[in-house]
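We call the chains A, B, C, D, E and F, going by the order they appear; numbering starts again at 1 in every chain.
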């Protein structure tokens, strides 16, 4: 039995709110159960050095947690003067995942920065960030096309992410914090709308996982991501 | 005429939402027009070195802005590796303002940290932070008293803050971003419920201000803060 | 009775020595009682990015204390690898105060940096820095005009600063360290030669201050600054 | 055809040299083709704060590249003053991988730090680091047991790692730099001697990968790691 | 002919002012021609970790330059967030030189920190710092003995320093900035009152120096340091 | 009797291996007894700001130690976020020593960076670095000449370095770690092939050294460096 009473293949309640803040070109609040992340997409008419003069744009991400988004207050990274290894790992993952669906040539020489800031954490903040950031990016791209700055849609696919894991011997979908702290294997999966993988990051905690367990987890992830992609589309049409 | 059509002595719409996030001992979303700040109060059972063994507690504050809380994206302080002078100045102001109403002996040897994170900025983020942080602090203190950890109420007064300034030659209350960017004098006032001053920080931008102008501004501030303190009380009883 | 035996409205002995060091365009040692600050003005033929191509110059300030300028040795900020919040707050205040009297267009596209380094501290280092920096700036501007690099005097006013506070219930002028450590309210006032305010920063320590107390303090400050401006003029003519 | 003329399921030449430097409790030079990494294991009789008093030890890793281990000189992280996100990601991976095979209770309250320093890079430095670090760790553990400081062998399994990827449409084992720079999918796999997974990190570069491709890659990885584990055992007996 | 008209073996005018600032246990302004350095000795009743419980004290030094002590303004190390390699090299040299004359056991478990801050630079700031710091240290030690905290004089010798170099082919004593910028060899010599060497740091700039040149330089240095030690003694008796 | 049984004027076994790693323009492993340093020379077609447009090139050095190159593990400078004063002092010494033998005009507007990374330390790492770096630099320069990028040989002399010291009252050549930790005077000497000095850095540890001792040490150093230069030449012809 899961602490949340969910079935093994059941997502938490997902809510996607667009236009959450007023300044950003795309601004989304994504809520996955008690996990809440503000994802904004900011467009800037410049590119990093390695893209200068290339005709191509760039998509990047930054991630942060409010100090008291968690059960115990974490120290503020800005005050400590550096981002933790975990933060950097997560923001690199978000950036790669979003770049996987963008035709940088069609985007043109501009940068879209996806800021994912966790307001409240209850497990799965990195996967919620990716799922929400795709919606914010879609809004930013739509704005660029409406302004005529971008001619062809640079978004090639939808992309969403979910965690899966083995909790008390049972493969489950969408781990919350209680499950995450006590599970044997934790896998984050990033997938396109067409079911192909963009990222798979599985980590054994406690005991290593077999090939069969991995197969089951990948199926569960696909089951969840298919639903998430549908929710993204619905939100974007809303 | 003010850009927002407000009267010269009119506050923006204020909304104070308690219990905004679930982990913190006190958690408030304060909205002053389009300025939105999450203020959380976190209690930790330890004190900084200069208070160790003193029998007294400590109250401190940290301040941050989400990178895209503003019209143009600001770089993330955690990524730059340091907090700006402005950030430090603001968080020191918030900390002093809240300490002014706390009897640290009654609080006991523990620390309350007030994190004020700006979700959306439209002027007046530091004063909104102080007004909201007082409500979060009140909730945290109430929880400590309910748990029996604190015997007597350490809060001596209510405290709230507002900005005033001279916009196009006219003294006005509660400047929004448009007014703030274009005003001659900007003054932040922190005041107790009894009308006494905790902090007055006035800065001439453009032209210096006379003693008469200063008097008018202080009256306007008192007029605004009286209303804010009433709203805090109403929220705390809600 | 004040520890220094001064009357409530009496400044400490002030001494302003120009040409204190040989390299800087303006170099002043200001002594206010036992507080001693070296203020230098350095001219550089470049401006920060936000002024490039604007035809306007820039005036900025940096502040530091020698590690043993104080009763107990403070750690060296260069060794710690960052400037404290207090240091940044003070240097921002000095910079704003001096910019308030400079016509940046007449200065032309160059930067004047005012370095205020405290050799010995006995309270009031930030206000002494402002008062001394104005003299150093005047010397630097005079040199620029003599060289023909600046045509019209960009200095619009004199500017000076003083602290006032409530010590043992009595409003007093120009607090020294003993008074400052033990006062209820501390206010730093920056004023033009014509009596208009550039900055007012009042902080209640211990108990909040009333409107009447504030009025008295502002009068005391004006009384002191009028004398300081006269001393600056005398030094500049000396 | 692979640039190195290797077959699609062929490892590069592997050489493991123990006792490579004289000070460390375990010191290994691992060469995988032209990739060369020095892996040392250092034992210290202390643990990080979260393990103090727990009776358990800790295993951690640090990773670095000599500035000219690569085709173009990279700037030295010590001189830049921070480790890149990539470095942190890799050293976290190495640490988790090694901890997966250690019974921290049997290790006792001490820390083993695995330093993996790349002398020459030609792709696959993180997987070579894991494979080599296991041998260094084995030597350090053997020394602890010989000294009687550790009673029971805390190593539960062998662990090794390899990269696999899709190069020009073909799944291949053990990518070198030329292949890595030009492949569509890159997956790092960390596996126990018994064939169970410790870490799987797959990243689509260019185009997303299907479930079938993933299955093939995992088989290839298993094929390679089986050989690597045999080489580790042989080296340890040598 | 030297730019300053001095003879090849002539020191600049030296002035040593004790009790220059009021807070430090030892405070000296040393002037060597136009080079002016404030040297303070601060006593703290604690030692660094490697001396804890040893019964021995510690002597250390820090060095800094005011930003406009030089012809062109240097950026402030506190603002840049790190001390340059040159600064660290100099403060390590000052610390070693002073420790060479202190019996750390007789000093007892306390630390004396020598802060050498350059107010005005004209060459030879590191050697002036050492010569001045010895006087400040002597005053601090005398105070400790007078208070009965130290029983026996821990100072074993006097120590002073000077630079020598080859300027336009001629070995000269005590280089000023003009000579230093244009000399072929620069040597800093730290010597005890008895003529033995504590530090010799010779650097060829331009062309390497022969054994004969080195001999001449060492003689010149001894000639200068003998005079400096006499001036220190005279100042300490003054 | 020396711990290593060497005679007082005997070098340790020296081995110089060229082409040690494959990417760098010059790559040398130098072994002096148990001290092992990888010295690489990297050529970049750019110069630092102070050389831009000068027609001259630049030669610089960086130094590092692997964390477990020493008896006890040192913390990694990249992880600590800064290079120690010792590291900076050493890399500045290496850079100056190599620049002393390069005609920067003949090198042309390019930079050669010498990275000296200590794999195993047993005393004398800085002098081994200089001796090895000269060989790496020679290889890099030869490559530039072969490619026709440099017309005339910019290397004016050979340069090598050695330490000497007074160990148990006896002047000895080439101190190893055991001697270095227990000697009274330690001197590092950098010398050209023609016997002229580039750098002399002597430090008294314990007791100051006399002029006679210094003379003896310089003779010993010359004796050692003459042999080192011969070994460099032999390696370069090998």
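Please note the rule applied: a contact is a pair of C-beta atoms (placed from the backbone, for glycine too) under 8 Å apart; a residue touches a chain by one contact, two chains touch by 3 or more.
On a predicted model such as this, the values are computed, not experimentally measured, just so you know.
Using the contact threshold fixed earlier, the set of chains in contact with both chain E and chain F is empty. Of the chain pairs listed in A-B, B-C or D-F, the one whose interface repeats that of E-F (more than half of its contact pairs identical by residue number) is B-C. Where chain D touches chain F, the two copies mostly use the same residue numbers: shared numbers make up over half of all numbers in play. Spacing of chain A relative to chain E, judged by their CA centroids, is 59 angstrom. The centroid of the Cα atoms in chain A and the matching centroid in chain F are 50 Å apart.
Measuring from the averaged C-alpha position of chain C to that of chain E gives a distance of 33 Å.
Residues of chain F in contact with two or more other chains: 81-82. Here the chains link up into one ring; start at chain E, go to chain F, and the full order comes out as E, F, D, A, B, C. The touching residues of chain D, counted against chain F in their complex, run 21-24, 27, 34, 36, 38, 40, 42, 44, 62, 64, 66-71, 73, 76-79, 81-83, 87, 113, 115, 117, 119-121.
Residues 82, 85-86, 88-89, 91-92, 96, 100, 157, 187, 191-192, 194-204, 207-211, 214, 218 of chain B touch chain C in their complex.
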